[in-house]
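Across the two complexes that follow, chain A remains constant while its partner is chain B and subsequently chain C.
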Partner chain A sequence: MTKRSVEILDVTLRDGSHSMKHAFTKEQVRETAKGLDKAKVNYFEVSHGDGLGGSSLQYGLSLVDELELIEVAASVCEYSKISVLLLPGIGTKNDLNDAVKAGAKMVRVATHITEADVAKQHIELGRELGLKTVGFLMMAHMAPVEKLVEQAKLFESYGAEVVYVTDSAGALLPHEVTERITALKNELSCEIGFHGHNNLSMAMANTVAAVQAGATYIDGSLRALGAGSGNTQTEVMVAVLEKMGYNTGIDLYSIIDVANDVVAQYMPRPQEINGSSLIMGYSGVYSSFLLHTEKAAKRFGIDERDILIELGRMQAVGGQEDLIYEVAAKIAHNSSNTHTEAPIS
Partner chain B sequence: MSKCKVAILGSGNIGTDLMYKIERSNELELTIVAGIDPNSENLRIAKERGYLTSTKSVDGLLEYSDEFDMVFDATSAKVHKYHSDKLTAIGKQVVDLTPAAIGPYVVPPVNLDQLKDELNVNLVTCGGQATIPMIHAIHRVSPVAYAEIVATISSNSAGPGTRANIDEFTQTTAKAIEVVGGAKKGKAIIILNPAEPPVIMRDTIHVTLEEEGKEEEILQSINDMVKEVQTYVPGYRMNTEPQMTGKNISVFIEVEGAGDFFPPYSGNLDIMTAAATQVANELAIKRRNVQEEVK
Partner chain C sequence: MTKRSVEILDVTLRDGSHSMKHAFTKEQVRETAKGLDKAKVNYFEVSHGDGLGGSSLQYGLSLVDELELIEVAASVCEYSKISVLLLPGIGTKNDLNDAVKAGAKMVRVATHITEADVAKQHIELGRELGLKTVGFLMMAHMAPVEKLVEQAKLFESYGAEVVYVTDSAGALLPHEVTERITALKNELSCEIGFHGHNNLSMAMANTVAAVQAGATYIDGSLRALGAGSGNTQTEVMVAVLEKMGYNTGIDLYSIIDVANDVVAQYMPRPQEINGSSLIMGYSGVYSSFLLHTEKAAKRFGIDERDILIELGRMQAVGGQEDLIYEVAAKIAHNSSNTHTEAPIS
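The block that comes next holds the complex of A and B.
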């Protein structure tokens, strides 16, 4: 087999956890893993949507312990290797050790775009454990390119073999992706990756821009199952990149089959762009806030979009789901006391 | 009535903020500040304010061992045990502001009254100081099966020690939620937010009760506890009414600091130094009582 020119990493069983309200069953994971393995996907990710240790009242409790899901996935794979996501501050080095025992072969250590230094120990541990080790800079739209380069260099200095530009809010446009990937290609010697969300319908366009600018790791999810409007659609990406002349090493029919015969059968709703997920991309809000915002809006009888716009204005970062309820409560309070209350500050 | 003489080990921001808080204490008298960095701006400030200073860390303190009875360790978890062993060996009391946690945890409004004459006490973490009073407030009314806290702090207020050892924060906080807060199981999450202007420390406490009910008593207990924390951290307040749904309760807290040395948004640092000063005051009173009995 010729060397792959682009490595497609499937995140259905991790980013999709948000859309599934963290309720993946072993059966769903087993069947999806089998399909990904058959299609010859090198790496796919299995974790709570917020990474190892993410099962919580804050983000949603996992129906099945992620370690069991990792084990199930690993047990049916002959070819594919399991990746796990780890957000320092949520997950710990202990969680990573446990995930490796369950079968993980790759770790992606994720921080907010400006906070790479909290990941040093976890990246070092990933290398020590012999894992393929990746640094994941989230909410990449929130910092200028120079800051991105500085933080990516930190990841590389800790030992990351790949550094990702992660468009968690689906807020980047193709020219911005090109600019960011190009800067990293020029300044770093490790491989560069891109993770997109489709809130502005830009996921595929951004992916193409990233690959053309030199990214060699690209994330996608089957039927786009992921937070917000979902991710770049893996099976479509395979077709598009092959047409562009890149070798993905993935079998097109098999990847289409697992998307439609397995994932489409259990996804709770199509990954369409609705008013709220569009506003997430527009105002730069972390995609996994979507379902939490829906719930809060319903509880207080207010417009989801007002909550999201306010969260964007407050520069909320990934993980701050607790802010949603509070913002919703304040909006509801202010709209019922417009004469006595000052606007939210 | 003489004050208890104290030393500060660590000339970082925490050490410097402590200096201002100790200056306001009726029980404590600061004599010496030790660090390691000869170019430390904070050591310069300490000298200017008339304190002895040293750049030889714990060994520097030992050279002046007659000058203090108690030490605040505001260095890092990694070196804390080394410091503590040297200091306790010569009978000095140590108030530990690192997450090393070799001594018992103290969260003032929860278990300050249980202190005896421990040679080493630990302040948990900033997230622990901000949230464990709330968990205890709920638990004293209705047993808590599970408690989870989410601390969001400004990136500017997370020093290099916190950043390099972020797991220690989550692990130490989770354990203290159980040991001090009373929850059967604890979990802690920390989030750094780089927004400008900087965000004030926010803490959300999610709790699952063993049994539903007693909503009014729980609410009253929470409100009482907020007032109690306010006696030493005036900027401690609820952001919105607690959310109560069946067995689940969420409490939303904001901690604005006193602005002694840190800007007010760093409530996380302020609540640590304020709690440490409370603890030291209490230890000093106990010390004096013992000495008076001996006389």
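The block that comes next holds the complex of A and C.
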């Protein structure tokens, strides 16, 4: 009595790039790719953490060009196929053409949850190039379900074969994942995917909720290596899904081996949930705000967590970093009023 | 619209003793206790990892006598009360009397899931001494629900005010927790608790499932410090339960502060899910088997994971370590047959 199959896509060599400060070496990529191939992972992703073309002063310079890393990974795989991430505005159509020459067989075009329309030409190019083509809606917790469905339908209309709900800040809880995946299953014909982060220690539970609601593509990372508190841990997910009767097609011992014998050996530190990443998940604010928030908190002599939680409440998005100082000033002002004025009874 | 209250019991200074190799110092205990007290945690536990009297060659010698640690913790608390763990056979009634003199206000009497009857006199003593008295059913995944209910009823009949489902191996999945807590809520009148481990990355999801099914006592550990892959992470649990509308009575910032500024500073390494702890959760085998299994695997030239999974299938329990070599021999024999005999077509 085998339940249906689930496609696990491993993002160690892309989301893990954040934890590695974009310093993956060819040797690390080669050994990880070999291990993923041996374990029979269908697709794994290789790109700068912020996608093709991400290597920059703003997003962090890669130690080794991602095209070389894609080539190395593709060269050692007999079974696995390489995916690349592309954020329109960071990566270009040229970058995608180059990645395909280097060996990529899948593209995931990623936009903010409300911005799917910027992905049209990249999705279309992916299909033209014969790639498996995926839409990736980031910061999915920031929009109501109806908005998510609307944006996912745009991706589908452009030709995406899979649309992902991407919990970039690790802010979703299982019942919220169930609600979102169920809505997409009801309203779209393409396959649905889920990408989780562990900021609230819910990556695995969210993943299982997504699968139970009908998602067929699921992201994971070996040893959870990834941004924030890391991703759903691939090798644990294989064990859990197998225990629940799903078919992942991945060999459990081999995937544990590459996690322990390869990735655990090079990762700079274990992924954990610390104070900052917890508050990110709790407030739903993206990591790019963290550094500025610390500075603003110091300047105004307030707790940075108050700023992050207020930014989350306001649904601040990347690019609105100026808001940080406004919010900090307001909190400092209110707090000094509280201290100096008589309480209203 | 506040949902019902949930009592979070912190076990950093008891389950965390395993990760600390039982080497907690007075200073570490003092600072952790201060932080828990400031965050308004009602109860936290201080004992050797294997409970009162656990300091021994077999279970690991404590660096500092647990009675001294209990005294130190109690001396700095204005709000929090100290719990102690007692495994009959390891700890004695004398140990409990001493712990009460040192400041303990709660006892949790722990037995294997099928052995509640050995706890009668200790539960009765706890009540006599005026302690909050709790029954703790360990390795709860190893018995069917009916057995769990039967054993929990024994605890209740002896006078336990709370009975815990204890997922010692981190082997339960959320739907299994729901089933167990629901059965206990239906069949018992006392309060129900849940203690989770993170071997399958499900500690938080299991905890939420337990609360939703009616559990009112929940264990957690700061930075997840505990045996195996660690426990449900206390400070994350406070954030998640608050986000879901439960009232924990614990101050979020203060509990994050003690996790980051105290515990993270002394823990020897972050808690993570590695190959061994994952297989423990997957197979449902207790950690005491790990060391012998490695030796047996080497001797017979086989994969230790095959031994652990077979032991889990056989539901081997502590004390049955001799089984390890029998199982290893059988696996080696079968595997050599497979290699030398012609396949049956």
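Assume the second predicted complex is superposed on the first by the 282 of 345 C-alpha atoms of A that agree within 3 Å, B and C clash if a C-alpha of one lies under 4 Å from a C-alpha of the other, contacts with A are read in each partner's own complex, and residues count from 1 in each chain.
Heads up, the rule we're going with is that a residue touches a chain if its C-beta (ideal position, glycine included) is under 8 Å from a C-beta of that chain, and two chains touch if they have at least 3 such contacts.
Fair warning: this is a prediction, and the values are worked out from it, not measured in the lab.
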Contacts of A:Glu27 with chain B and chain C, given as first, second, both or neither: neither
Which superposed partner A:Gln233 touches (first chain B, second chain C, both, neither): second
Partner chain(s) touched by A:His112 [first = chain B, second = chain C, both, neither]: first
Which of chain B and chain C A:Glu146 touches, first, second, both or neither: neither
First (chain B), second (chain C), both or neither touched by A:Glu128: neither
Partner chain in contact with A:Gly319 - chain B first, chain C second, else both or neither: first
Greater chain A contact set [chain C / chain B]: C
Residues of chain B touching chain A in the complex: 146, 148, 150, 152, 155, 160, 163-167, 169-171, 187, 189-196, 199, 202, 204, 206, 208, 239-241, 243, 248, 250, 252
Touching residues (chain side chain A, partner chain B) in the complex: 56-58, 88-90, 92-94, 112, 114-115, 117-118, 120-121, 314-320, 322-323, 325-326, 329-330, 333
Interfacial residue positions of chain C with respect to chain A in the complex: 173-174, 198, 200-205, 208, 223-224, 232-233, 235-237, 239-240, 243-244, 252-253, 256-257, 259-260, 264, 269-275, 278-279, 281-282, 303, 305
